[in-house]
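Data first, discussion second: the structure below is written as structure tokens.
Labels A, B, C and D are assigned to the chains in the order they are written; within every chain, residues are numbered from 1.
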Amino acid sequence: MTRTLINLQGNPRKMVVLGLMALLLLPFMSLRAQTPEAEKNFQQCKACHNIDGPKLIGPNLAGITERRDTAWLIKFIRNSTEVIQSGDEYAVALFKEYNNIPMPPHDLTDEQIIDILAYIDNGGKVADEYLAQMDEAADQDAELVAKRQAELKERDLKLAELERDANRNFGTTFIIVLIIFLVTLFDLFVTKVIKATFVHKTVVLIALVVIGEVVYKEASALGRQQYYQPEQPIWFSHEIHATQNGIDCLYCHSSAEDSKSAGIPSTNVCMNCHNQVREGKITGTTEINKIHEAWNSGNPVEWIRVHNLPDHVYFNHSQHVNSGKLDCAQCHGEVEKMDVVMQVEDLSMGWCLNCHRTTEVQFAENEFFKSYERMHEQFKNGEVKKVTADMLGGGDCMKCHY
Amino acid sequence: MEPKYFRSLEELKIDTRATSIEKPAGDRQFIFEMQQELKKTTTASRRDFLKVFGFTVASAAIASSCEQPVRKAIPLLIQPEETVPGKASYYASTFFDGIDYCPVVVKVRDGRPIKIEGNKLSSITQGGTNARTQASVLGLYDNARYKEPAIKGNAASWQEVDEAIVDQLNAIKQKGGKIVLLSGSIISPSTLQLIDEFFAEFPGEHITYDVLSASAMRQANLKTFGKAFVPDYRFDKAEVIVAFDTDFLGSWLSPVAFTKQYSKNRKLTDGQQKMSRHIHLEGAMSLTGSNADERIQLHPAQEKETIAALLYELGQLDGRSSGKPVSSPVDVKKIARELYSKKGKALVVVGTNDAESQLMVNAINEILGSYGNTIITEVHLKLRNGDDAAMERLVEEMNAGKVDALLLYDVNPAYDYPQKDKFLSGLQKVALKVAMPVYEEETAALADFICPDHHYLEAWNDAEVKTGYYSLAQPAIRPIFNTRAVQSSLLKWLGKETDFRTYIQAYWEENLYEMSENLLFTSFWNKKVHDGIFDSGSKEAMDGSFDAQAALAVQQTVQAGSADQISLVVYPNVAVGTGKHANNPWLQELPDPVSKACWDNYISISPRLAGELGLEDNDTVDVAGIGELPILIQPGQEYKTLAVAMGYGREKAGIPATGVGKNVFGQLGFANGNRQFVKFDVALEKLGGTYEVARTQSHHSMEGRAIVRETTLADYKENPISGNEIREEIKKHLKTLYPKQVYDGFHWGMAVDLNSCTGCNACVVACSAENNVPVVGKEQVLMAREMHWIRIDRYYKGDENNPEVVRQPVTCQHCDNAPCENVCPVAATTHSNEGLNQMAYNRCIGTRYCNNNCPYKVRRFNFYDYNGADTFKGNRKDPAEMTTDLRRMVLNPDVTVRAKGVIEKCSFCVQRIQDKKLQAKNENRQLRDGEVVPACAQACPSEAIVFGNLNDKNSKIAKYFADDRNYHLLEELHTLPSVGYLTKVKNTTV
Amino acid sequence: MYVSPIREPLIRGEKNYSQVTKDILAPMAGKPSKYWYMGMTLSSAALVFGAWATFMTIYYGIGTWGLNKTVGWGWGITNFVWWVGIGHAGTFISAILLLFRQKWRTSINRSAEAMTLIAIACAGFFPLIHMGRLLLGFFIFPYPNTRELWVNFNSPLLWDVFAISTYFLVSLIFWYVGLIPDLGTVRDKAKTKIRKAIYGFLSFGWTGSVKQWSRHETVSLILAGLAAPLVLSVHTIVSFDFATSVIPGWHTTIFPPYFVSGAVFSGFAMVLTLLIVARKALNLEEYITVNHIESMNKVIILTGSIVGIAYITEFFMAWYSGVEYEQYAFLNRAFGPYAWAYWIMMTCNVVTPQLFWFKKIRTSLVATFIISIFVNIGMWFERFVIVVTSLHRDYLPSSWVMYSPSLVEVGLYVGTLGLFFTLFLLFIRVFPVIAIAEVKSVLKSSGDHKKTAHHE
Amino acid sequence: MNNSYITAYYYDEEELLEGIRQIKEKGVEILDVMTPFPVHGLDKAIGLRRSRLTRVAFWGGTIGALIGFLFQAWVFTQAYVINFGGKPFFAVPSFMPVTFEMAVLFSAFSMVLAFLIYFKLGPGAKPIIYDERSTDDRFLLIVKAGDADETKNIEKALSQAGAEGIKHKA
């Protein structure tokens, strides 16, 4: 949807028509305002503006529509530099006030900007009539909020547990137990210091169990890198970007929707914001400077891949994100809560299979599945209640290996 | 192919936000990174994890650190809009190498062209390709490419080179010297205009030199039509085709287009009940000859008298005087009657580069009313416009010191000119020698300046292959090396600052734009770049006169030739052709469609002559002083005709080509202004040694088994099941204790129309390109370890001396009761719910049991690490240098690169199936019939391969499977193959 | 006790129990003979050759073998089946002859069983080394893994894994359980402290009490009962590798009995080859007598004839079935490019054993030795004929090829021969070659004449 | 508690059997008999019960077969359903070889283990060796000794029964 609108911008004639239409529709537009889409679009603003609260890079937005008229705002939001250069007094003053940092141009339609403004007017909330359609979590109900908080806490605990698990040192345990095991055996047969053999037997038994467990855990982790959390060349925090600034995953990892790989954003994507944002909350300028350095020198940043699939596995992001309608977190975990990204799942074949076996496909919704005539019949008859990926061959080798 | 994916770089450049400036670095940067990435071995873009898993993880992880290697992910600094990582884009382009012409679509993945497909929009080739076109993408990544300009062998900058050349050119101009641009056939109208401009500025001439020339035909047409040209042939309109030594399906003029036309006229599907009748007369055994309904052996020396006799007989039938009666070794009366009965729908062609034969054939075609029906004189084929006589003249002039500068474009006379020494001595007398080659070659090595040309996938170009049929070529990648298009060089030397793209655009705006109906030139241009094709519909002006006198005069003088002398035919094969692509390992390993030999040239000899001389396969002989070459007994060869392939014996090329076979260009003669490809009365000396020729098939008889089922057209019309009667019997016996597996949704199937398959091998190369099939080299082929996933079985039937030839492409049959699946102990090969026989390479431990138990023997084992997928150095076997970083850029990232010790086989191009399914899913629609096309079917110029969903009762494949001609290979084993074959029908009826 | 009146005594010489112990333990004591060293040198040289071939195979890949796209199994699987076949004699002698109460087995069963174990170790080597990716060979075991992927229980190769490993383990415990009392004897006869300690450790604390003996006999009997069908099942399952496939010449229901009798045939031949040398070298002529040899030769006639009939039946079935592929496969065997292998097989396996109908040949040691070697060769060629000639020309003539082994493949075969003889030579030095207790138990009933116990 | 015993040996198994018979008649308690090889009729003479090892073997085999079969069935029909060459998933004939091998393996191992455990046999086990030649050519008889008189009587009885090397150990 959004994409097509943006693409139309290249065509001046269509632009004019669209603009005219937008003006005509202005009175009705407010009805459409405060949609979830606006919330999504507002993520771009959020990087620099708060609605209320502490000032960020740009001014707070509360009451913006009262301060300025809509036409001016549309012009300014779309290309602030132009407005400033045109000598608009208000704009020049604003520019000076905010340390001569211009607001970057935005590729938004009039419709979308009006939508965002309405959203701001509503105090950064989506209009009531849309709330029902939205995620339950966003509900105002206190009970739900509490529940969600509890959930989040639980997740935090789980994450901490994962981290602890990741840090468990099996190697040392293994060596210590192995030494005890050997010493016991030696004593049992040769030195015979301890006369009661049941001591030996108990120790040997326990040692065997521990060794077995360690071997099992290590062997199943072989070739996996669960809990892998490498240090990246730039201290980039998903917590700050995704949670605090509320940037959508797909903003940076844009190809996840239509390509095999989700893609690591190229430096110019970083520069979209960091052209202006030159200081971070935690690291100050040190980390952000690295991006600028990369940008200026022309050497791309060498990030370290966290989620690696072996080359004999074909995984397609668009299949899962676009037609599978999966949430990123389902495989990547709560990345938005991580300062340093960690691989949460083990990404093993068994893990893939389990998901394929339990996850339903968009069987009724997606026209594609009409080809499965027999299954459709059974689905209609109610013989089959839910259709999982596995039932349509999601467990076949060739789905991932070719 | 969805046209909507065809996108031009240019078009998109307009779309990008940074319109004003050229993108910094752009694709070059991309390639640079790619190379950087390649150096880091275990990066994400290569799918060769097998190597890691094959050894390092299993052992090293246990042994030491239990740590995975750190993998870096390097994003682009600026992501070009048109490249989404992990997603392929397609660009229309045009393949032309001086011999073959083919409009193509280039698949580009992560900035690298990785596959060539035929362009379905072309009205000429209609999506067909041939082996060389398919293989051309590997040429882009040839290790032996010239990487930068050089002066006398030393690397130089373009500026230095340009300055030096321009100085010298100007000096020659000052003194009024002669500059010669020697090139192969040029079909680019803009380039031709540019050359004209060049010679308007500088004194001299442009000489076209073709290794395979049609100069005799041009001469003949000059006499009959008053114009030297090559007409357009319409094999699809011909109901009777009589061909004298014309390999029109393999190498004559425009084989892809002819194969398309020819096969269209021989299909018996979709209710068609007619097929053409093809009579072929030749001495050597060619691809086309082996496809004929009737093949008549004719000693090359007797060809002319046979044509003369045919002309006479036809004249008699038509009631007009047509020379004198001539006796001929062939029953021409029968042929004449057959031809005459289809007057207006008949076609006679002769491939010999002999003006007299061509003249007489012109007269024959005139009697038959072919002109305007099966031969279009208003449309000229612009291929093969080399002038043999001019080339001879040039060499004389060079030796006489009359040539001051020689610019070499797309020619390699130091290798392929018959009188090589004469050329070389002449070359020494030329003051300024500028070579503009793509690959390392013999001639360029002697040049003063090397101005390396782009590979065609890196360059802008246009083409007019036939009058009014235009196509465009656009770069699919920024130049990998510091090369420059020849046209840009010429522009530069002319002192023009425009680049060649602008030049082409200007040419098109000036000359072609008016023929279109579009309003704006930019939209016209963008559309044409997008499509790659423009048919203007313009015609050549012909006055319609036909002068038969010259032909009749020739007919009177024809002398009878002797069939007793041993003659040697020099022919281009479908793989390396004239040797231009000899450095392409895919082509070197491509088995010849007739002899099934690869990696060498050899003397083909008839069984009878070999028997008389006591020669066996692989015995070495010396024929006409070529040097030591092995013989290969070729059933079907005329008794005293020998044949040898050109294009081998390269001296200065890359690793795969150098030293393979012998250079036989020295055998080409020159007579009556035309190059002669047949040498008469040659001496054959047995040398007593042996030299093994690698062949992919060593047994040539079907042993009476119903493998390729055949019938005749008459029988077929009477009973469509004819030839396939045994199938009913077999079906009756198919009993099973087990319930049949049900395939809901998709059940993929493939059908091969044996009547359409000509055995051209395009599918084999396409498959190799699509599926990263390794090249194993001659030594391994000798050990019968070639890896091709699709092979074309060729059997001889009947008399050894003049056998019938049948062919059958065989891939994995994807049996529903697959014997291979049952026996794999580790479940590495299993059946999918879409009826595919799946192979999980990484699970395979290499017991080869599946291979043994496959009745079709389509499974291939990686005896060594042929692809560089293994970390274990000792495993590597790479005789053709296919594992260099550059070569590996051609690998398809969607297909696993197999390591040593695993079995592989045809997957029905599962990556394409999955891709199209996903596309349909993302677009919320059902998959359409014909949307999924495996590489082999895509490449096939004769549309012999049909692929689709058997569950869809309306699909083309379901109709093919329901055809009476359909049968399955070894169906009696109850393997339930998903590949069907339609019986071969021969039109033996008169 | 019942003594067969016509039967010649099984143990020659006038022996008492003590003498038996001394005779049988003699080869284990003292320094090994010159011949032993010579044998050891030869066989370890062969072993080194095999080690080189193994290295080549692993480092350079299966490409160092002569295999190709059509013939996926060559010498490797030929050797595997050959060794498995040889590995049938020991357990067959011990188990089936025990069940049939054949007393003559007592002198030969120990060494035959040891030979079985070594032969199976040699056999097991081939399926491992012939894998393209040996280091991932563990995929073949159904162990729990994060892929949640198991194995294919339809595959005869997987059955092989189970059959061969079970056979090896059961044969091992059968052999060892039988060894325990004898090891007790060795322990008690040991002169040095170290020997005593080692054999004390190995003898598991055997005392020879009446209850131990009683239960030991029960265990032996039941193990024999288990091993008897097992020994039949192993080669049956090995034959399934071929019989369940679709390749003409392989897809034959006659294979299980034919393979089993072939296995016993070749196993007995190998036992004969070894024992004829061993009895001489170890001075055990009085324990392994011509009688034993003759009995074994009779088994060879029987199994050899079964094998011969099987060969003919195959031909008949090929003709009778009317399947053209099958018919061609058999004609190709007899008259195709590998006909020489077929006729070697026919001569060695069908013709030579028939010579044993003559008593003179049957009881001649030299003749038996020569014929036993012929049988070994013939049986090797039988497997070669089955594996290679069936594969090299199967259904589609376009894929027909020839196969010839490379030096590496020869090296692997020679290497396993080296391994076999090395281990056997070690065996005769460290373990009693003849089951002492069992011989003693038949000494009275089948001995030459039992001298009354003399008092020391 | 009287732990003393008397050992005596024979050189011939028939003499041994005869001796045992005689001694038993005299009511002497036979503690154990050590022989170099299994002597037929001895277990009866001593009065041993029938072995229960057969039952161990049977149940071991049954459990092995069940594990083998059920595991295969589970893998093919529950754990990961895969189509192999069009065969049914519950492919009973295919399961037979493995089931059989598992039965044999379990049976043999369980029985031998039971045997070893029962007699406390195993690598490194240290037995009491009464006479080193009892594994060679002596048939050793161990009878329970009583008080001095009784011992003498028993020794006499043994001697009468043809035994040699009679020794008394307290």
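Heads up, the rule we're going with is that contacts are C-beta pairs under 8 Å (C-beta built on N, C-alpha and C of every residue); 3 or more make two chains touch, one makes a residue touch a chain.
Bear in mind the structure is a predicted one, so any value in this text is a computation, not a measurement.
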Task: More contacts between chains, B-D or A-D - done: B-D
- [ ] Could you grab the centroid distance between chain A and chain D? Build each centroid from C-alpha atoms only and quote it in angstrom.
- [x] 69
- [ ] Between chain B and chain D, tell me the centre distance in angstrom, where each centre is the average of that chain's C-alpha atoms.
- [x] 80
Task: Separation of mean Cα positions, chain B and chain A [Å, integer] - done: 48
Task: Euclidean distance of C-alpha centroids - chain C vs chain D, Å - done: 29
Task: Residue list for chain A, restricted to those that touch at least two other chains - done: 353
Task: Of all residues in chain D, the ones touching two or more other chains - done: 80, 82, 84-85, 87, 124
Task: Where chain C touches two or more other chains, by residue - done: 148-152, 154, 158
Task: Category of the chain touch graph - line, ring, star, complete, other - done: complete
Open item on the list: Can you tell me which positions in chain D touch chain C when the two form their complex?
Closed with: 10-13, 15, 32-40, 42-43, 46, 48, 51, 53-54, 57, 61, 71-72, 75-76, 79-80, 82, 84-85, 87, 91, 94-95, 97-98, 100-102, 104-105, 107-109, 111-112, 115-116, 118-129, 132-137, 164
Open item on the list: For the complex, give me every residue of chain C touching chain D.
Closed with: 1, 16-18, 21, 142, 148-154, 158-159, 162-163, 166, 169-170, 173-174, 177, 180-181, 184-185, 187-189, 200-202, 204-219, 222-223, 226-227, 229-230, 233, 237, 240, 436-438, 440-441, 444, 452-455
TODO: Under the touch definition given earlier, write down the residues of chain A that touch chain D in their complex.
DONE: 189, 353, 395
Task: Footprint of chain A on chain C - complex, ascending - done: 145-149
Task: chain A-facing residues of chain D, complex - done: 80-82, 124
